[in-house]
Every structure is written in structure tokens, then in C-alpha cells.
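One chain, chain A, appears in both complexes that follow, with chain B as partner in the first and chain C in the second.
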Partner chain A sequence: MFQNTKCECGHQNPVGTVLCESCGKPLVENLLTDEGTLEMRYDGVARRSQKANPQVIDRIWNFFSSVKIAVYLIAITLVGASLGTIFQQESTLINMSGYSEFRDFYKEKYGTLGVIYHALGLSRTYESWWFVGLLVMIGTSLVVCSLDRVLPLYRALTKQQIRKHLQFITRQQVVYNGALQGDKDVWLTEFAKQMKRKRYRVWQEDGGLLAEKNRFSRWGPYINHIGLIIFLLAVLGRGIPAWHMDQYLSLYEGETRQIPDTNYYVKNDKFTVEYYKDDELASNQKGTKVVKLYETKARLYECTDFCDDPIRKPVLTEVEKHDIHVNSALSYKGMSLYQNSFQERVRFISVHPSLMDATTGKALGSFDLLMDDPAESYEVGPYTLTLNDYYPDFSLDDQSRPMTKTREPNNPAFVFRIKGPDIQAKGDVYIYFPMPSEKSKYYEKILNESFKQRGDNTGRFTIKVENPIVDGKMNNIKYSEYTTYLNIRVDKAMPYIWVGAAISMIGLIMGFYWQHRRIWLRIDEDKLSLGAHTNKNSFGLRADVAWALGRTGIEVPPKSLDNRRNLS
Partner chain B sequence: MNWWLDFSSNAFIVAFYLYCASFISYAIAVAGKRWSNREPEAHTARWGKIGFAGAVLGWLAHLTFFFTRWYGGGHIPTSNMYEFMTFLGMAIMFAFIVVHLIYRNMLLGAFALPLVIILIAYASVFPSEVQPLIPALNNYWLKIHVTTAATGEAFFAVGFAAALMQLIRVVDFTRTDKAGKRAQFWTEFSLVVIIVLIGFLAAVFTFRGAGYESSFRQEKVTIDDNGIENSEVKEVKYSLPPIVAPYNSDTISFQPFLGIDKPLFESPSWLNGVNAGRKLNTIIWSVISGFILYGLLRLIARKPLAAVIHPHLTDIDPEDLEEISYRAIAIGFPIFTLGALIFAMIWAQIAWSRFWGWDPKEVWALVTFLFYSVYLHLRLSRGWQGTRSAWLAVIGFLVVMFTLVGVNLVIAGLHSYAGV
Partner chain C sequence: MGNRRKWIQYVILTVVLLVGGYAIGNALFTKSTVLAKGDKPPGFRLAGLDNEVHEWKDYEGKPLILNFWGTFCPPCRNEMPALQKQYEKWKGQGLELVGINLSEDRLTVESFIRQVGVNFPILLDKDKKTEKRYGLKQYPTTFFITADGTIQEVVIGGLLSEEEIQTRVERLMKTKS
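On to the complex of A and B.
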């Protein structure tokens, strides 16, 4: 398309210019003959994407600079994101892994639709290449689109000519045409004064006037887009492994565990849970357990010595202490420990049994017995107890041999060999069940009987907890009632996320709660032509114009200024 | 129940009646213009003013309800469906008042008030008792997040009301070409949807008033996150006559209705969600009673309802309506972004250790945000102002409502508070 880019006012415009950069006269052929209001976006200046002979790079640039494409991208992302909510996402199934396990889950739970859903990869929508790809494309589009427009717009707004072409003025969205009585200059000065009272900035130049207000709000969308770009980059940055950690750790009371892949250890000192009392609950909740608060008293340790030594115990130094509950995490150097959930599960921690003389019933001494990782031997009075065998979850196999079902101390049994004064040289062997249940006590009895018959022991000793209950409370026995689940997180992208969001918000507020308003006016002989433009809220602009005209002796209803309506 | 909560419920009832009175005044303002011996402009202005006064008084009563319930219940009343929906109604009234003060269009109220009335009637379907907070909700970011998000959505609602008005205003019933017929159909369809909602409310409150109840024993096999099957038997109570029984269930008790003494069919197995069978039953009832209601109205009017309303709107410029609709959305967009996304992310970071987790409710808040940004971008191009943009404003509000209600009813996630 041939286009004359030199305007009659003498200004040479770049290719693609719609309205002369200087005087505002429409340059495009069909705009000149057309009657409607002018397209005022970017004041009609040429954008980079409107180059005459596009090369490959230009074509890519043009693709991403189109708002139409951006709308498509956003719309596709919108549809894609909503598809992901039809069924549960794989990422919410923390205990599963592997393709086939997931496939079976979707088949079991959702039937054929589930199979299709999983096969299409919709069960991992938000990690899928196409979804991430869409986000990347939106990001690219944001950068290109903003660069494409912001510079030309900046140029157009910083070098505005005051006296505009008549066509430019009379084809704005808000227009007033009329004759002017009396002294032109007096009127013009008065009008300028009124505009200033409405906080417009006013320029005058040979019978022309420009009043402008809130230009800064034009930068709002671009600032918003910059914020979005930072936000998107930060989101993508979370993919960098070193920036991100997300682990779950279960701890029973008293347990200390290393946070995998770090030098830190956490200890659960105590876990408490509080339920609402019945009279605090609504009537349809009465009798149910509604949690009020749950909390892990936690300590964080840093390992300072023998950290990777397989033989020696690591040396731990406490660095932080916090009562972790939902909405209140323990934070230390960018790492945060959150309360995730808990399980009510009684778990044995330790007992403090005594070695007794079976005949006199006199205690010979006592010792501490841990369920996890018990010591090899114990010195009790003059005797030495060596641990021969340990079955944390005691049971008998099908040939009635002792075995352990799991590694959890659900029904622990300890086999000790006792050596010391007046005992046969090979020692006396006893089995000890610390769990105070009938079944374990029964096992303990018959097994010790059979050892005695085999001559492995003499029946001189018993092992048991003295005064297991004092004042209605367990004594000499330690157990944990709850296991707490903590979520351990490192997210180095967070500051960028917040900065991006904040910038974006500032841009939105600038762009939406202020509007850029401009009023152009020129007087030819005694004919007054006024045109005004705003990027939004033309209602407010019309009110401003009508107000200023009214103050200067021209009464017009604001509505009559609406050019779009007058044309149609 | 303590004294404050009693007082609070009374204030709520007062607000409800004031809203109804306000709506009637607005309806008179719109419909009574051509009544004999009246100056149409003066008539509209007068009744519009009365309507607005009623709306403001109703809103003050609503505020009273809110703050006394807050005081009496010990925490901000935005933590279950009843509380959230009543809050949203209050926010819509706020947005309506703001937009009204900017544009002083007397008739906007005729569309905004029914919306609020339907919404708070809908809220009353849910149990209204104060429930104590579970730990995750016990945080001041919750208050900030929920209130700002709802305020943003409220402006979208006002944008929706104005857009609907615009559509009814511009629909041309003399056209017989395809595009004209399509516009007529869809405009009428929007009204049918609203009437189905009213049908839902009518059905629920009628049967509740009559004390209707039937119940079933449902065996539910769930597969937990470890892939292990668990079977659980529970009782499902119906307060509407069961047309659809829960999947895999036996009748415990069945109160006959119109000669029906057993459910007509059983809900399909693939409907997931909590209490899917009962919800499906409710939907069927809503559609039935909505269509009966619509049929009655059509019989009285003898023409499409949009054609009944249309002539009363001819004094308003569609451009004004469009401007109001767009402006309401433009005011709402930053508030919504701040409340539903940014504050939500801050709270999620504090409570759940991640600012974003692709939970269905979060995704739908994002979908709403993206939808309205599509709307805003499309308006930058020619050809997307006017009717098309009004349709987008209408659909946008449907997305908002799906996010608020649909997600809780259809998809269960972290956010699913008490669902009926």
C-alpha cells in the first residue's frame, strides 16, 4: 500500500503513522473520507511492528506484538487452566509415583473419562510443556507488545503540537463546535483558568489551546505489564532446583530427624492438639471433633561436627526454636517449616525398667531402654545386660519362631543376656516385653518358661517397670500420642514474586483510577472548535468540558458533547 | 445463642425487606412512567430516589447485621457459605451505591437489587449458625483476602447488571433474521437462567417450610491417596422430594409427594463431589420449578419477558449502560486482582506454605482474572464495544459465580467450606 507520509503541515512521519505526529491530521486515505471518530490509540503514531518490509525477526516481533494474539494466548491459557480442575491433579496425590500407578488411580476413581484424562496428560496440566509454553509465550508477548508501543507513545506524548488540525479536533469522541462572541483572547484566558482549576495543565499557541491531565496514568498498563513479566519470570525461576525445596517430614514426639539434603535437624519436643468444646460448636457439629489448634514445639539444629561421619554421632547446635502451627511457621535463613497435618498414633518412645530379684522382689537397679536404636549393653548394679535380639513388632511366624512384623515399636520385645556375680558362665537369657498388654505379658511368661526349661536361664531375675502408674499418670514410660507432619520449604523466588505483584498492582491502580484527559481547542475567526479525548471514562471528561464551557458563558448539556452519539 | 446474634439475625431480616421495598420502588420507577397524568421524568426521579433511599437504609441494616454478628460470633462472618454469600450481597450493595453516586442512573437499581435479593436468599439456604474457625482460617489475612476479593466481585456484579440491562435495551424484537433471532434467544435465555435460580429458592423454601424430609443410606467406596479402597456408609438427608437417589443407596425413609413414593432413578456413579446425588436432585427441582414459574410469567405476559422489559428501558441510552458496565468492571478489576490473587497468595504462603498450589478454587480465581483481562484487552480493539462486550460482562459474572459457588458444589478442594 502506497502511503504519503509527509503531512501538509510539513512534518515527515514514519511509515505506519495514522495521524500526523505533529498536527494530528489523518494520513490514511480511508480515514480522511470516513466520517467516524478517530482511533486514538497511541495517538496514531507508527509502531515498530508496522515496518514496511518485514523480515523473519520482524514477523516474529509482529506476531507477539499483536493484542489479538495476546488475547488468544490468554484465552487458551484460561481454558487450559480450567480443564485442569475437572479431576484431581497428580501433584495432589503425594503418596503415589510412577506412570502406571497414576493411570490405575484415574481408572479406578473416574472410569473411562479418567483414563482419557490421564492419557491426554491433563492430570498434570500445570506442569505440562504446553501450559508452561503458553506462560512463556504470554511473557514474550508482554515484553514485545509493551516495547512496541511504549516508546512511540512516549514520543507522541512528549512532543505534542498545541494547535491541531481541524479534522483531528472535530472527530474526537467529545466535541463542541460553536460561534464565539466577544473578545477571543479574554475568553481563552478565562477558559484556561477554569481548566487549571480542574487541575489541568494548559498550553496555548496562536489561537490554539491544549489542556491535559493525568498523563502518568497512560503508563499504568505498561507498569502493570512489567510487574507481570517479573512475576512470570519468578514463577519460571522456581524451576531452578537450587531455588526450591519442598519436603515433608514426619516426627513423633521427642524425635529428631535430619532434613534430607541439608545440614539441619529438627526435633519435635511436644505436639499438642486442642478440640472445640461442645458448647462452642454449631448444632450440626455437636458431638464431632473439630480441631481448634494444633501445634508442634520444634527446635531446629545445625550440624557443626561429624556431619557425614557414618560412625560418630553428629554434633548438633540449636539455632532456632518455635511453636509451629498453621499460619505460623518456623523460619530460619530462607527455610521455613510449616505445620502440615498430624496423626493420632500412640508410639512407644522409651521405658525405664528395673532388674528385680524374682524371689525377694527387690530391685537390683534400673536402666533406660529406648525403642528406637537401643544400646548394645547396659550396666545395672553389678550386672551387665547385653541385648541379644530386638523385635520392635513382635510376632510368631508360621513355624512359631519369633519375628518382627514391622520396624515400628508396636509390640517391642527385647532379649537380654545377663552376666555378673553368681551367674552361670554363659549368662542368663530373658525376654522382656515392655508393652503393658495382656498378650505381651503372656508371651513374656511362656517364652521365659521355655528358656528356663532349656537351661538358658535360672528364673532368678525379672525385668519390669516399677510403679508404672503414679497419680493416674504413666510413670517410667514415655510415649508419643501424635505424629506431626511438617512441610519444609525453601523458595528463593518469593521476593521476586512479591515485587512483581506489587509493581503490577501499582500499574493497575494508576491505569484504572486515573484517566488521561486531553482537550484541544482552536479558534478560527470567531468559530470555536473543541475536541477532547480520554482513554477511559468519557463521562467524566464530558462533565469537565461542559463545566468549563458553562463557567465561560457557553451552557451545554454534557451529553450533547458526545460525538459518537451525535454521529450515529 | 447470644443476644448479639439474635439481634444480628433480626437486622438481616430488616435488610432483606428494605431491599425488597427498594426493588419495588425501582420497578415502579421503571414501569410506571407511562401511567396517566404523570410527568415521566419527575416520576422516574421521584421513585428512583425512594428506591435509592430504601437501598441505602437496607445496606445500613445489612452492615448492622454484619458487625453485630462479628461481635457476637467472635470472628469475622465470612467463613462459611452462608456468611460469604451474605457478605457478597453486602459488597454488591456497596458497589451499586458507589456506581450510582458516580452516574446517578436511576434505573440501575432495578437490576442490581434483584441480584442482591436472590443472592442473600440463596445464602439463607445454607446453615446460618456461627461455626468456630478451623486453624487454617484463623488468620487476619483471611479477613483481608475474603473482603477485598468479594468487593472486586461485587463490582463485576454491578457490571453484569448494567450489561444485562444494555442487552435487553438493544435487543430488537422486530428483527427476523438469524442474528436478530439469536440475540432474542440468548437475551431471553439469560432471564430464564435467573428464573431457574428463583425456582430453586422457591422449591427449597417451600419444602423446608413444609418440613419435608427423606433419607437414604449410601455406601460410598472411596479411594484414598494411597490407592486403597475404603468403604463407608453414611446417611444422606433430602429436604426436597427425591427424584434422584444417591448412587448405591437404600431408602431409610421416604415421605411421599404427589403420589411419588420412591425415587425415580439413581444418580450416576461418575458424579463425584460430596453428596452429588442430592445436588443433582436439587438441580432437577430448580429446573422444574423454574420452568413452571417461567411458563406462568409467559402466560401472563404472552410474549418473551425481555420484550416485556424492553419498552421500559427505551429512555436510557445503551451507550450510558455500556459505560456504566465497563466502568464498574474497571473499578472492580484492580480490587479483585489485589484481593483474589495477591492477598490470596500471601495468605496461602503463610497458611499452606505455598503461594500457589493449583487448587481448583485458586485456578478459578485465575480464570476469572484472565477472563476479565481478555474483556479489557478486547475493548481496546474496534468492534468489541457494544453488545459483544456486554455479553462478555454477562459471561464474566457467570465465571465469578462458578468460582464462588460452582467450585464448592462440583469440585471439592481445600476451599470447600460447608456445601449444601
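On to the complex of A and C.
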């Protein structure tokens, strides 16, 4: 359908223009015959992309340019996002990985619904392709919608014609018509002066006047959109591996571990958990364990040498030390270590046993024995102890060979070969169980007995911890009481998220707390026609107009200026 | 004017396609940590019991059996002699067999290997890093990797008998090319 877009004032308007860009005369047929107030959205200018013959690219563009589509996209995203809140998300299950493990979890915890939920991929809603796709589409829509509207609007507002078409003026939401007595120019100058006192900017042109205030508030929504786009891009930026890390690390007391995929190592010096005493608690909580403090005394190290060398030990340099509490993370160069949880689990670290003469019961010397990577030889007095075998969690396999049940030092056993003065040339073999349990000591006894029968052990030595208990406390034994779980996070997107949110907020404030007010006025012979428009708070606009008219000799009640009310 | 407008449209839609494509692609192809048939296994760089550094690329281009094992796991212990026998039988024809120990102390590993009499390379994983990269769930796990570097089969749990290993090795050697 051909549409003539040239206005009677001579201005050539783009396709889709509702009100002439220059004089404001309605261009659409049914608008001309209609009597109601004008739709002033975007000042009646055409959207940038509106075209007579759209091509494929234009059609894609137009799809994203539609506010209706944007509203649908947002609605679908909201519904989609709510689906992710029905059951727990996979990303919060820190100890699990792998499809089958998650599937079993959902089946066990939520039953059939859980199976369906997991099968549909809703257990990973926020990482799913369709959810990310929706966010991308909303982002696109934001860019395209804004661009298509802000540029024509900007053009329309910077090049406003001052003397508008009569229809444009009389069909505004705030209207005054009346005869003008006295000198027109004097009145006009006086009216302009009054408008200026209300801090309007005023332009005059052959019997026409335009007073305008707070145009900047029209840019609020677009600034808001820029903020939202930065926000969205930052959220999508978390997909870049170096931008985002969120992992958990368990550390027993005294343990140093590498933070996976980084050059950093953490050490847990000590973990403390404190509970409130009964007199600190409310009456209904008395007798229950309420946690007062979780604390991990942590050190952060950076590897400076031999970092990727599997043979040599990495050289670590301490870079940060912090007592990690809840809400008090250890932070270093954008990486934060948070207290996540803890476990009460006793774990051996080291013992300090003595080599004893079995017959006299006299100590011949003592040494330090580590449960992790124990040294291979020890000098004790005149004797040399070589570690032949180490079983962190001693047991026997189905062929009655000694083995370790697990990788944890739950019941460690050390096999030493003792050499020195007055011992047979091949040495004395001795198996030592540091765990002070009856079962361990029983094993120690019968195994050493069997070595004796084989001739490997003369029974001359024993190894044991002297004074294992002093003042009711374990002596010469180091162990960890708690294992702490730290959450290690890197979120490089965060500053951009804040910037985006701040820009968005500025845009919202600009749009919400100021109103763009314009007053057009023309004088034809003795007839004064005044129309005014605002995007919100027309009450304030009517008050402004009535005030200025009153100051120039035309007393009108503000209410009577309301064109919409007069019509109905 | 019209051309410039079109140009801006193309630029914006291209940027959307790139950023959006990357984001959606990321979501669509999140790599699962569990390895399966047809996958390329991740690399490793570990110390061996021989105190040398062993790397993935040392074994590239040869049919390879990668066995993850620990002395704490009875089926791992039980299949060791069978693996050793197969290694002796096929190593002349280019088969490589590597045992990666599951982050145990060197001493514990050494004494077991000495007892069983294993002479294929034994590498020591540290802090379960390699194990995690290979997405291990159960022990032992054995990867049969063809000469072109793809996984032909993943066997989880003990292999039990020599015959079972044998048929797999034969298949592996056939695809050698």
C-alpha cells in the first residue's frame, strides 16, 4: 500500500511517521478524522527501521525492534527462571559431579517428579542453552529497540519547529483556546518571561512560541537500557573461564593444598568452631548447639618455582594471611576464600615416637614421623631406621598380604628396618602402629612375632610414644580435629555488574523524578491557541500553564485546561 | 544515510551473533568430566616411580592402556599381575601400558610394585588432580586408547581375567594403523 509521507508544510517524512516531524500535523487518515487527543509517543516519529520494502535482515531487525516482542521475551524468561526454583539446582550440590550421580540424587530426593525435572534439564536451568538464549535475545531487543527509537526521537527533539499545526496544538492533553486582547507581542514577551521564571527554555517564531523543560528526562529510559546491556554482558561474561571460578576445597588442620587451576596454595593452620554458652541463649534455645564462630586460620601461598614440575616440590611464597570467618573472606587479587562448612573428623598428622630397648625399657632416642609422605630414613642415636613400607590404613587383603584400606591415615602402620651397632647385618625389622587402639597394638604384637619367627626381628627393640597422655591431653601426637571446607571464588564480572546497575539506576531516576514538559502556543489574528504535553504528571503541567496565563491576565482554573476531561 | 544505517544494522546483528553464539555455545557444549568411548583423553604430566617426568605426548601415536589403580583397592591389586603379563606379551609390538597410581605415598606404591614385579611405567598422581581430570568414579578404571589418540573403551571395575584383557588388547592392536 502506498502511503504519501509528504506533509502539507512541505516536509518529507519517513515511512511510518504518525505526526509530521516538522509541523506536527497528523499524517494518518483515521487520526485526521478522529477528534481525540494525539498519541504523542516518540513525538509521532517513525521508528528508525520502518521501511516500505523490508528484506530478511530488516525483518529480523524489526522482530527485535518490537516492544511487544520484548515484553513476551521478558515474560517467557520470568516463567523460565521460576522453573529453576522448583527443585535444588545442580550447581548447589558441591560434592557431586557426573550425570548419573545427579540423576540418582533427584530420583532419591524428589521421586518421579525429580526424574522428569532432571531429564528435562531443569536442574541446570540457568546454564541451559535456552535460558542463555533468552537473555541474549532480551539483550538484542534492548539494543535494537533503544537504537530504533532514541535516534529519531533525538532528531525530532533537537529540530523542533516552533510554530506548530493548529490541529497538533488543539489536540494535546492540555489545551487553552481564547481571544487575546491588547498587543499580541507585548503579551507574548510577558508570557515568555513568566515561563522562564518557571525555568522553561523558550523559543519564539512569527507568532508562535515553544517553552520546554527537562528534556533530559526523556533519555532516562535509554540510559537505563545501556546500564542493563552492560549488566547482561557482564553476566554472560562469566562464561569466559578466566572471569569466573567457584569451587570448594577441603583442608584438614595443617594441610596445604593447591587451588585447582591456579598458581595458588592454601594452608589451614587451625579451624575453630565455638558454640554459644547456655546463658547467652534465648530460653527456647537453651541446651541446643548454636554456633558462635567458625574460623579457619588460613595462609595463601603463591608458587614461584617448580610449579609444573612433577618431580620437585613447588617453591611457595606466602602472599596473604587471614582468619576466615563467615562474611570475612580472605581476598587476594580478585580471588576470595570463604568459609563454607566444616566436618568433625580426627585425622593423624604426625607422631613423635621413641626407639626403646625392649629389655631395659630405656629410650634410645626419638624422632618425628609424618603420616603424609614420611621420610625414608631416620637417625636415632647410633641407629639408622629405614622405612621399608607404609600402610596408612592397615588391613590384610584376601591373600593375607598387608595392604591399606584407604588413602587416609586412619590406622597407619610403618615397617622399619633398624641398623646399627650390635645388630645382625640385614638389620632388625619392626612394624609400628602409632594408633593407640587395642586392635592396632594387637596387630603390632603378632606381626612382630611373625618377623621374629622368620628371623628378621630379634626382639631387641620396640617403638612407642613416651608419655602419650600428659594432663589428660594427647602428648607427642599431632592430629587434626576438624576438616574445613572453603569456597574459592573469582568473579571478574562483578565490577561491570555494579557499573551496569549504577548506570541503570541513574537512568531510572532521570526518567522517574523529572518530567519532560512542552508548551506550544500560536496566535492567529486575535485567537490564542495553546497546547501542552508532558510524559507524566500532567497535573503539574496544567498548574504551570494556568500560573503563567494568570500572570499575563488570563485567569483559568487549572482543571479546565484538561483536554481529555473536557472531551469525555 | 541509508547505507550507513544498513551498515550499523549488520554490525549490531554480527556482534549479537558472535556474543550470543559464544554464550549459547558455552551452555550447549559444557564438557562433561566423565570420559567415554570416542573422546580424546586429557593430557597428563606426572612423576614416575623412576623419578622421571612422564607426559602424555611420550605415548602419543602408540596404542596405550591407561590403568588407574591404588594399593587400597583389591580389584586393582588383583588385576596387576594379569596386566603385567599382557604387557610382556605385547610390548614388542608397540603396546604401551601406563599405570597411574591414585595419589598414594611413593613408599606404599613402590613396595607393592616390587612385590608384584611390575615393570611397566607407574606414575604418581598428586592430590587426585589427574584422576579428577579423567572423571574417575570407581577404581580401577582402565582406558584403552588407540594409536590415533581416541578412547576405544573404558573399563570400570576390575578386569578380572587375563583373557578379558587379551581380547581388548587384540582389538586395540588391530585398530593400530
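Here is the rule we use: the second predicted complex is superposed on the first by the 492 of 568 C-alpha atoms of A that agree within 3 Å, B and C clash if a C-alpha of one lies under 4 Å from a C-alpha of the other, contacts with A are read in each partner's own complex, and residues count from 1 in each chain.
Operating definition for what follows: a contact is a pair of C-beta atoms (placed from the backbone, for glycine too) under 8 Å apart; a residue touches a chain by one contact, two chains touch by 3 or more.
All values reported here derive from a predicted model rather than from experimental measurement.
Trainee: Looking at the superposed three-chain arrangement on chain A, would you call chain B and chain C a clash or a fit?
Mentor: Aligned through their shared chain, the two binders fit side by side on chain A.
Trainee: By the touch definition at the top of the document, which applies to A:N475: first (chain B), second (chain C), both, or neither?
Mentor: So A:N475 meets neither chain B nor chain C here.
Trainee: On the A-aligned overlay, A:T288 touches which partner chain: chain B = first, chain C = second, or both, or neither?
Mentor: Neither partner.
Trainee: State whether A:D308 touches chain B only (first), chain C only (second), both chains, or neither.
Mentor: second
Trainee: In the overlay, answer first, second, both or neither for which of chain B and chain C A:S341 touches.
Mentor: The answer is neither, since A:S341 touches no partner chain.
Trainee: On the A-aligned overlay, A:S450 touches which partner chain: chain B = first, chain C = second, or both, or neither?
Mentor: Neither partner.
Trainee: Once both structures are overlaid, what angle do chain B and chain C make about chain A, taking C-alpha centres and a multiple of 10 degrees?
Mentor: 130
Trainee: According to the stated criteria, A:S560 is in contact with first (chain B), second (chain C), both, or neither; which is it?
Mentor: neither
Trainee: With both structures fitted on chain A, tell me whether chain B or chain C touches more of chain A's residues.
Mentor: Chain A has more residues touched by B than by the other partner.
Trainee: Taking the superposition on A as described, I'd like to know which of chain B and chain C A:S437 touches: first, second, both or neither.
Mentor: Touch status of A:S437: no partner.
Trainee: Touch test for A:Y391: chain B only (first), chain C only (second), both, or neither?
Mentor: Second partner only.
Trainee: In the overlaid three-chain picture, find the nearest pair of C-alpha atoms across chain B and chain C and give that distance in Å.
Mentor: Here the least C-alpha separation of chain B and chain C stands at 13 Å.
Trainee: Enumerate the residues of chain A that count as touching chain B in its complex and touching chain C in the other.
Mentor: Touching chain B in the first complex and chain C in the second, residues 101 of chain A appear in both lists.
Trainee: Taking the complex as given, what residues does chain A use to touch chain C?
Mentor: Per the touch definition, chain A meets chain C at residues 48-49, 57-58, 60-61, 97-99, 101, 127-129, 131-133, 135-137, 139-140, 143-144, 147, 233, 236, 239, 257-258, 260, 308-311, 372-374, 376, 387-393, 397-398, 401, 403-407.
Trainee: Could you pull out which chain B residues touch chain A in their complex?
Mentor: So the residues of chain B in touch with chain A come to 102-103, 127, 129-132, 134-136, 138-139, 223, 225-227, 229, 269-270, 272, 317, 319, 323, 326-327, 330-331, 333-334, 337-338, 341-342, 345, 349-355, 358, 360, 363-364, 366-367, 370-371, 373-374, 377-378, 380-382, 407, 411.
Trainee: List the residues on chain C that touch chain A in their complex, please.
Mentor: For chain C paired with chain A, touching residues are 5-6, 8-10, 12-13, 16, 19-20, 22-24, 26-28, 30, 32-34, 45-47, 51-53, 70-72, 74, 77, 102-108, 111-112, 115, 124, 126-127, 129, 132, 135, 137.
Trainee: For chain A, which residues count as touching chain B in their complex?
Mentor: 39, 41, 67-68, 70-71, 74-75, 77-78, 81-82, 84-86, 89, 91-96, 101, 104-105, 108-111, 113, 125-126, 246, 276, 280-285, 290-294, 325-329, 336, 338, 340, 487, 489, 491, 494, 497, 501, 504-505, 508-509, 512-513, 536-539, 562, 564-565
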